[in-house]
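A, B, C and D label the chains in the order they appear, each numbered from 1.
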Amino acid sequence: MFKVGIIGATGYVGCELLRILINHPSVEVTAISSISFEGEEFSSIYKSFYKMTDLICKNKSDVIEKCEVIFTALPHGLSEDIANECLAANKICIDLGADFRLTREDEYKQWYGKEFFHKELHSKSIYGLPELNRDKIKTCKIIANPGCYPTSIELGLLPLLKNGLIDGKNIICDSKSGVTGAGRGLSQKTHAAQLNGDFAPYAVGSHRHIPEIEEILGTIAKEKINVTFTPHLLPINRGIISTIYTTPKKELMSYKFNSNIDISQKISSDKITYKEIKSDKIDLEEIYKLYCETYKNEPFTHVLPIGETASIKNVAFTNNCHISLHLNHRCDGIIVVSAIDNMIKGAAGQAIQNMNIILGINETEGLNFIAPAF
Amino acid sequence: MFKVGIIGATGYVGCELLRILINHPSVEVTAISSISFEGEEFSSIYKSFYKMTDLICKNKSDVIEKCEVIFTALPHGLSEDIANECLAANKICIDLGADFRLTREDEYKQWYGKEFFHKELHSKSIYGLPELNRDKIKTCKIIANPGCYPTSIELGLLPLLKNGLIDGKNIICDSKSGVTGAGRGLSQKTHAAQLNGDFAPYAVGSHRHIPEIEEILGTIAKEKINVTFTPHLLPINRGIISTIYTTPKKELMSYKFNSNIDISQKISSDKITYKEIKSDKIDLEEIYKLYCETYKNEPFTHVLPIGETASIKNVAFTNNCHISLHLNHRCDGIIVVSAIDNMIKGAAGQAIQNMNIILGINETEGLNFIAPAF
Amino acid sequence: MFKVGIIGATGYVGCELLRILINHPSVEVTAISSISFEGEEFSSIYKSFYKMTDLICKNKSDVIEKCEVIFTALPHGLSEDIANECLAANKICIDLGADFRLTREDEYKQWYGKEFFHKELHSKSIYGLPELNRDKIKTCKIIANPGCYPTSIELGLLPLLKNGLIDGKNIICDSKSGVTGAGRGLSQKTHAAQLNGDFAPYAVGSHRHIPEIEEILGTIAKEKINVTFTPHLLPINRGIISTIYTTPKKELMSYKFNSNIDISQKISSDKITYKEIKSDKIDLEEIYKLYCETYKNEPFTHVLPIGETASIKNVAFTNNCHISLHLNHRCDGIIVVSAIDNMIKGAAGQAIQNMNIILGINETEGLNFIAPAF
Amino acid sequence: MFKVGIIGATGYVGCELLRILINHPSVEVTAISSISFEGEEFSSIYKSFYKMTDLICKNKSDVIEKCEVIFTALPHGLSEDIANECLAANKICIDLGADFRLTREDEYKQWYGKEFFHKELHSKSIYGLPELNRDKIKTCKIIANPGCYPTSIELGLLPLLKNGLIDGKNIICDSKSGVTGAGRGLSQKTHAAQLNGDFAPYAVGSHRHIPEIEEILGTIAKEKINVTFTPHLLPINRGIISTIYTTPKKELMSYKFNSNIDISQKISSDKITYKEIKSDKIDLEEIYKLYCETYKNEPFTHVLPIGETASIKNVAFTNNCHISLHLNHRCDGIIVVSAIDNMIKGAAGQAIQNMNIILGINETEGLNFIAPAF
């Protein structure tokens, strides 16, 4: 049993990490910490853990000392020091905050208002999106666990951008997230009486996930990317849907997927006709084959058959990502819909997936959840 | 007191019409009809009307005979005959279905699978969006009440398109609607256990509101318009948010609103700086002035101060439309957010607004609702 | 137009008062106050009022000076002084807090931890439940507007207790309320992510509405009453259901309602048989007649036909109370279900009803809402 | 690996069984059946199972033939025949319907309108509430899995009734359930637009769980029991809270729990004082000790510390039952609050718990869920 711990265990992400790790067959949660609740039983803060754990919140030193893998679930700016300590002690630090997500310090300064404290650490960390960086993750000691919105968008666009098929200056990501994304803190915005029955965008054009999305998409595409990203707050607890609008490059007009891949998943709905998956510029079936091929070995990222539509319900409470592909006839575009659980594939689950990869155990261990149908 | 009636009173739209009309000071609901519930008391079907009305569902002839204004809230294809009868009897027919929304029969055939039964009626009807057609509505006997999604999108884009400021081939409308939009019929999709906690797009690229949106936007812009329209189903009862992404034409680069309009509404949030409302191509303040000027006499359509964001909560249960304007720095675009209550401004309320216009009474009569804050 | 004002306008109750009063045909809201938001436009705090009012929050003196009727919507202990000032200026004070609800100072001390500051005022105030005290309300200058839970329970039990038909020591009130009852303040309990999907009782056996319920029921019954009262928090915004379990006194065995009242409302469901409304001890039809007779002239309190069940949906957003009666065969008891909107009949609406009574205008003026069916 | 199967896999209970069993470490789901969807992939009906299973719905014979343990999740009246076949083939049948819950045929006829088809089977089946019947379950071939409401109520009352401490003729169970309890079928009642924001009791005094509750409570108490049972429909998906009002027998006045049990769980809230847990008749601490002792070895049924209140959130998505105890000072009663997930401890989870017991494996295997805190 590997010894693992959580720094910042009483925030929403920390709580979700603990919930999953307690039942993980190959690890033991040895220590947890919380500034707000130091000295208190975890189960007295989150009553759903009553009789399920007797862990007591200690301080961060206790976690670093006792554990081999340390998860940090903290406000930005607080994880660098901890990562530094972990590295010195030859331990693994998986950071669920933003401290290591951006590689450019100027971008970090602009969006987060802080400098890199330990500049040398940043070249040693890796962005923990397994679908992109699995091999590098295996040998890395500092993981920058991706943001929730970026995870949904990057997985949605990876096959198109990697193959240079869409215009990198004209990507529109209309994303919608459940309220857990706002965290445990209190505000009028998350007051139940305000949120019930409400829905709206927020931080239009100014959300901190923009530079992260643009950097990672740029890395994938090997060119500069600009995204229009609009997050919205859903009156539900969990899940993100990103509806992504792309414009094909000329290359897409005659794109043929270079393989004899067998599409075992048939076009699912009899409402969808052959006509509807072909336009002058785009053959959706070829795009679909490309996505299937890209993700064929991925344990959590699944491409839905043409005719299906990704939804939050079908991935909630799981580490899965569902991607559906749609042809926009009217304007010759490809619409990608990508759904994840913001707290799991968008946070705690992906962090544990990264841990599994680093520890060399089965990548799905402790994460084989099926979404409750209701 | 004008005598009014509802054909199809027991569907969701019919029910909402009745709820508002009962308290309208200048009309009396004289007769209602329902095929499914003919002969039954309305209050036995919708218990919230217990002791509030003693109306009994009769048949459509009864409504046409007794009333001066007839609202039809029926599945498409059933209103043309009724409108014909109304016209013959010199009565007013306000149709909340799709029968008169499209002027081109070929489009109607393609999207609704039917022909126009009474071709001559279609030139006599008018699309009942008061912000666009108020003068024509005043003297018209057949009103095609707009669809819910189209209302939100057309009001959101009218000032930009009328002034030729955006590219009519590159408009993306990402719309989200409450579940009442699906009507009273039963399906797994609207089963509470399925919808709770869920969110997803549907009918991607194939929703019947597309031709209506394109025709009306084309009329406004005086050019052919193509929209990418993606509806989503929200796990709430009421309201539509359309997040609309537009690309400026070159003309917008140096656009100055030609007036000394006084912007009494200041930029509302101190987080928004001057820098953030100007880009190389766009001066958001000028756009804002244009919207304010366009809608300055509108009783229901309100432009929010720069820095505010439209939300469903603030228009739910009202006939209001809230519009907010946002500059997309990253990609030099304008994002318009438009919010309405799909059942009121998107259906019953707008129909009654049209009635008020035709009857020559105060346009806000019976419709002066303020959205409950919770 | 009568001049009215609200002290404490930016809390939930104050906001709801304003929403209703703005559209009241016989009054003008002349001034409002708020300690937290003094000097700010009301519509900048509650955006749903954008363009619907230009009222600015002032201080309480401004309200008392300018208005004839003053509504106080404040934490307990803050209204006595204001009521005193109002009385001195010969103005009407309608208090939506708890300051005047209990007549016994010892009970007030025990449950609210404070003394009466102006003892002489308490004999001059009246408990503003119109169904109980309409005549006294007409000539009173200080109204103690009832609590939300007490309103639902008192209306549910009034006919039985007034006629001495049930055991006053064995009344169980299992009540459930929407989250607006908790007010605008922030807490983990009302965090949307906590409340979504949750339901639980709270303050079991210790809620401050207990002495109010017991006093008013005791006044009705002319004997000492003990209630078991358990409030629960519903994951919805509005509404209270009280499910009330009563045990008949022996007198009920042969109770015959002494009248030839015509029950125009028939037993509504064909599932309910004659057998099911009679037991050895109880004839539910007689009880039903008694309720109908008691409330026959009440504009807002409605007794549902036997076989129907009161629900929150059918009274939400209205000043109505729905009461349904059920026979408990197994244990020979009567179950009364009473439903109101906690913010309207349970607070703002009832306060305005009291105002209408005092001002001598139609009791339903400004309050003729029908519950939206969805 | 034991081979297990589900007959009626596409209803809500069947779907939940499958979701849990797929991840159960000691069993393999070998076959499933569905009348409505025979021949279809399970994952095409419930999309959350996409890529998580390739099971195809077959017919019931296929399940009986291939499996050692057969779960039946069917409308009442359809399981007897299957149980008969299973018994003949020496297989285990765990029935999640009502066919074997009542031992008296006359009661079954009265409430379900049918006779026992295989009378001899009923003496061979056992009511599968492990807390009551664990030893008998171990060797039984036909399990009557308890109803959801009965589970919550029986666990809440077992310690009090077993020890003869409360009046068996005066038990009031006010229960509230999420909408999954109504199953997958469609009705206006479960239409999302109807249920959102609503709450109401239903089937007052006439719910089919009444005879089940009374029989089992009677078996526990060794006397005839009458309950007043009122179910309510919550606008959430999962969970049941039963708020149970009991009246002490004289014996309770001087009740002392006959043991030196160490209460490791202290009184949790400092708001609760010693005074509040003692009345003339009742010492709540003694009752609490009794509950702790009764359930001390139970893996899923947990007694909360005095001062805590059971809630749905803390047991949702788990097989746990939370019980909290409250003293009703006003009326000298004990209020028991019992919370479960209606689909897990109230259905699928308890069935699998029974399977674990019969198979002789760890009782918590596959069921060690912690409730998500949000």
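One rule holds in what follows: contacts are C-beta pairs under 8 Å (C-beta built on N, C-alpha and C of every residue); 3 or more make two chains touch, one makes a residue touch a chain.
The structure presented is a predicted model; accordingly, all values stated were derived computationally and were not measured.
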When B-D and C-D are ranked by contacting C-beta pairs, first place goes to C-D
Which chain is most remote from chain C in terms of Cα centres? A
Chain centre separation in whole Å, for chain D relative to chain C (CA means): 37
CA centre of chain B versus CA centre of chain D: separation in Å? 48
When you check chain A against every other chain, which residues touch at least two of them? 12, 180, 193-194, 196-197, 235-238, 311, 313, 373-374
Applying the document's contact rule, which stretches of chain D touch chain C when the two form their complex? 169-170, 172, 174, 176, 193-194, 196-202, 204-206, 210, 214, 226-230, 232, 234-239, 241, 243, 245, 276, 309-313, 316, 326-331, 333, 335, 337, 339, 373-374
Give every residue of chain D touching chain B within the complex, in rising order. 12, 178-180, 182, 184, 186-188, 190-197, 235-237
Contacting residues of chain B [partner chain C, same complex]: 12, 15-16, 19, 22-23, 44, 46-52, 180, 196-197, 237-238, 268, 302, 304, 308, 311, 313-315, 317-318, 320, 322, 343, 368-374
